[in-house]
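Heads up, the thing below is written out as structure tokens.
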Amino acid sequence: MTKNADIVLRTEGLKKSFGSLQVTRDLDLALPAGARYALIGPNGAGKTTLINLITGEMRPDSGRILLEGQDVTRTGTAARVRRGLTRTFQINALFPDLTPLEAVTLAICEREGIAGQFWRSLTAHEQAISEGFEILRQLGLADVATKRTRHLAYGQQRLLEIALALATRPKVLLLDEPAAGVPKDESAMLFRVIEALPEHIAVLFIEHDMDIVFSFASRIIVLVAGAVLMEAEPAEVRDDPRVREVYLGSAHHG
Amino acid sequence: MNREATLTATQTTQAPGASLAWLRSRSRWSVFEIAFWLATLLTFYFFPSYLMLASQIAITALFAISVDLVLGYAGIITLGHAMFFGLGAYAAGLLSAKAGWGEPLTGLLFASALAGLVGFVASFLIVRVQHLALIMVTLGLGLLTYELANALSWLTGGTDGLRGIDTWPILGLFDFDLWGYTAYSYTLATLFLGFLISRRIVNSSFGLALRGVRENVRRMPAIGSAYRGHLRKIYTISAAIAGLSGALLAQTTNTVALEVLSFQRSADVVVMLILGGTGRLYGAILGAIIFLLVRDQLSGINPQYWYFGIGLLLMVVVLFMPRGILGGLARLAGRDQ
Amino acid sequence: MIGNIVIVLFDGFAFGMLLFVLSVGLSVTLGLMNFINLAHGAFGMLGGYVAVTAMRQLGLPFLLSLPLAFIAAALVSVLIERTLFRRLYRAGELNQVLFTIGLVFVSAAIATYLFGTGQQPIVLPGWLRGSVEIAGLRFGVYRIFLIVVSLAITALLVFGLERTRLGAQIRAAVDNQRVAAGLGLNVERVFAITFALGSGLAGLGGALAIEIVGLDPSFGFHFLVYVLIVVAVGGLGSITGSFAGAALLGIGDVAGKYFVPEIGSFLIYLLLVAILLARPLGLFGKR
């Protein structure tokens, strides 16, 4: 459907088991530039594991991961991030004692390769700092930029997750339940932030709220027991009886 | 976190320029700092008979700062840092005792470089392990160095200590005197230099990266950080500074005992740091001052009772004052938003 | 020469068995709660002093003093666990290390206050003294006793862990605490019991150790290093790992001190660091 050249992220035959439990079964995935894809599936379907595999936090048992056509299966996580493949975490993984400004600036310094400079004062990197502040401002975090992260409200911490990812200037952004634990009205706001992300970023997000999925995703991938059940436009997914059965009908959202 | 602090934070960060100003304010010299360093000079006039003790304190404070860099900022637990202190002490001592070169400044450089080099090599081992294995590797490396120095007694003097060190006058001008005027000036100047270097490091983007490692090492790769490189770097720098302080001890006392490499020294320095407060440099200095002053006052009693006090103190600090004395003071002063 | 090697192996194995009794408890509790208890050796010391006191003041026979050492260490440890250690389970490694080192210092000071810094020798019953001669080699009776006791304890532990309810609970909790708790297991209680048993074993080890290495206030720290090596090399939460690690360390230590006395300790530490770097989870560690 999409031209090969447009695909920024591709997985081929990805497999992963924990002991006897197969969590990822032969997974092929293609994410074109500018995608707004949703990855859905019941709890324990292997969604987080898939992201862990793509970003290199876990090694696949077999299969390949291609970023802009280049094999990154053996590349370390940090190197993948520097090549534009970034994620956020389902469970906040922030820096409790740093302020948002510091955390975002740190990510920018890492991106620019200046984080190792111990002989220059941090404040000498004015560009990095103002860029960091700008990212926080866009996400509505300007007011708390200099407050320690652990004192932030939960919803603000979720936004900071995204801010940290944006600071790496991703080409592919994998959002693992960005609205996990956020009340429904707030989560719609959060997704408007995601919708407003720069056009060229390919976004794959995991989300359980079907209203949100249907209004923000251009395409939906349904994962069940580690395998892709179907991949289609929202309307098609909505009407599919199998999806209704395994997912929409089931009570196990979470 | 009080309401007032929230308001200030809000006001200061409405513009990007303000956030830069806020970051600047965090690394600016405060009145307390300047007063503190001026006060170190008062020792010359008010406590001239304590100059030797004061120089011991300066040496230990520098050592504690080196540990603060890895433990307080980067969050790497080390129970074997005496390894680098002792290496520096033996390097400077042997340079004089065996090679006959007693010029102090080059001795310092030599010792620091050697400790830094060993630290660089060791850092490749350190970054490979975490948790209990990390604690055990640092402990093991420290014990190993101690046993090595003991086994090489033809070189180090073993349990008798290294003798025959002769430190020449500093810059050919200032001879080491019995009262410790030169010794204190020398150690204080070196401490200040080491402090300035450390201060610059912790206020740099690199220092920020170290705090990132401490706060959440698992997140670091996800923001594109090859953090192991950072850890190797700070470990090397820290070893060099520890070596510097060890060399100071050898040069100001003209002897090196096997004790410089002991576990006791590794443990003591961590105790001081925890007591003063980690991750703020001055905690290391304050901890060293208190620790050595109290030990000096209690030197008459059985050392076992001294350790009763230290042990109790450790337990109390961990349970009730997890951020050390300076951390507690900062909280009281509301500067800990 | 062959005879020497046999004797060194024998002595080393006996020493290793002593180390096993001293350290297996720490291995299991570490695997269970991830609590780094550097005061484990101090419970060994406590057992030692209890045994000495029981024999000297109460005139109890050696064999009776051993269970007393076990019980005393178990009781004191569970008291400390319930009141102090439990506050530190989530406090991070550094705080655990510092707090328990503090406890080692304090316990050493208390021992000094009560017993002085000197060694505390004990008089073994006649049947445990001397040695037996087999094929022209003399084997110390007490060391044979040590090996027998330790093997019996190992068998008991393995049996208990494999076959009893508590054992199954411990294994489940070591494997995956959250799942175990989810299945309705009272993890805290399991841990308190395990902690008591493990420290009790350390206390027993302390009493058994007097004849081999002596007893003074530095015992807690001195043996801490050995105990940690056993745990780190053997892997967490593994009885067989601790057994193998302890046997290796015991033999290595005795052999090193016998054949290359100048650098014996050096080699042990070198081996420790090398093993940890090659296998950070220990030779037998799984997690």
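We call the chains A, B and C, going by the order they appear; numbering starts again at 1 in every chain.
The rule is simple: a contact is a pair of C-beta atoms (placed from the backbone, for glycine too) under 8 Å apart; a residue touches a chain by one contact, two chains touch by 3 or more.
As the structure is a prediction and not an experimental result, all values here were calculated from the model.
A.B. asks: Would you pick out the chains that touch chain A and also touch chain B?
C.D. replies: none
A.B. asks: Measuring from the mean of all protein Cα atoms shown, which chain centre lies nearest?
C.D. replies: Central by C-alpha mean position: chain B.
A.B. asks: List the centre-to-centre spacing of chain A and chain B in whole Å, with centres computed as mean CA coordinates.
C.D. replies: 41
A.B. asks: What whole-number Å value describes the gap between the mean CA coordinates of chain B and chain C?
C.D. replies: Averaging C-alpha atoms per chain gives centres 34 Å apart.
A.B. asks: When the C-alpha atoms of chain A and chain C are each averaged to a single point, how far apart are the two points in Å?
C.D. replies: That gives a centre separation of 47 Å.
A.B. asks: Provide the list of chain B residues touching at least two other chains, using ranges where the numbers run on.
C.D. replies: none
A.B. asks: Which residues of chain A touch chain B in their complex?
C.D. replies: Chain A reaches chain B through residues 55-57, 76-79, 81-82, 86-87, 89, 93-98, 101-103, 105-107, 109-111, 114-123, 125-126, 128-130, 133-134, 137, 142-148, 151, 164-165, 167-168.
A.B. asks: Under the touch definition given earlier, write down the residues of chain B that touch chain A in their complex.
C.D. replies: For chain B paired with chain A, touching residues are 1, 6, 9-10, 12-14, 16, 19-20, 22-24, 27, 200-201, 203-209, 211-212, 214-216, 218-227, 229-230, 233, 237, 337.
A.B. asks: Would you tell me which residues of chain B are touching chain C in their complex?
C.D. replies: Chain B reaches chain C through residues 71, 77, 79, 125, 128-133, 135-137, 139-141, 143-144, 147-148, 150-151, 267, 270-271, 274, 302, 304-305, 307-308, 310-315, 317-319, 322.
A.B. asks: Which positions of chain C touch chain B when the two form their complex?
C.D. replies: Listed in rising order, the residues of chain C that touch chain B are 30, 36, 84, 87-88, 91, 93-95, 97-99, 101-110, 112-113, 117, 217, 225, 228-229, 231-232, 236, 262-263, 265-266, 269-270, 272-273, 276-277, 280-281.
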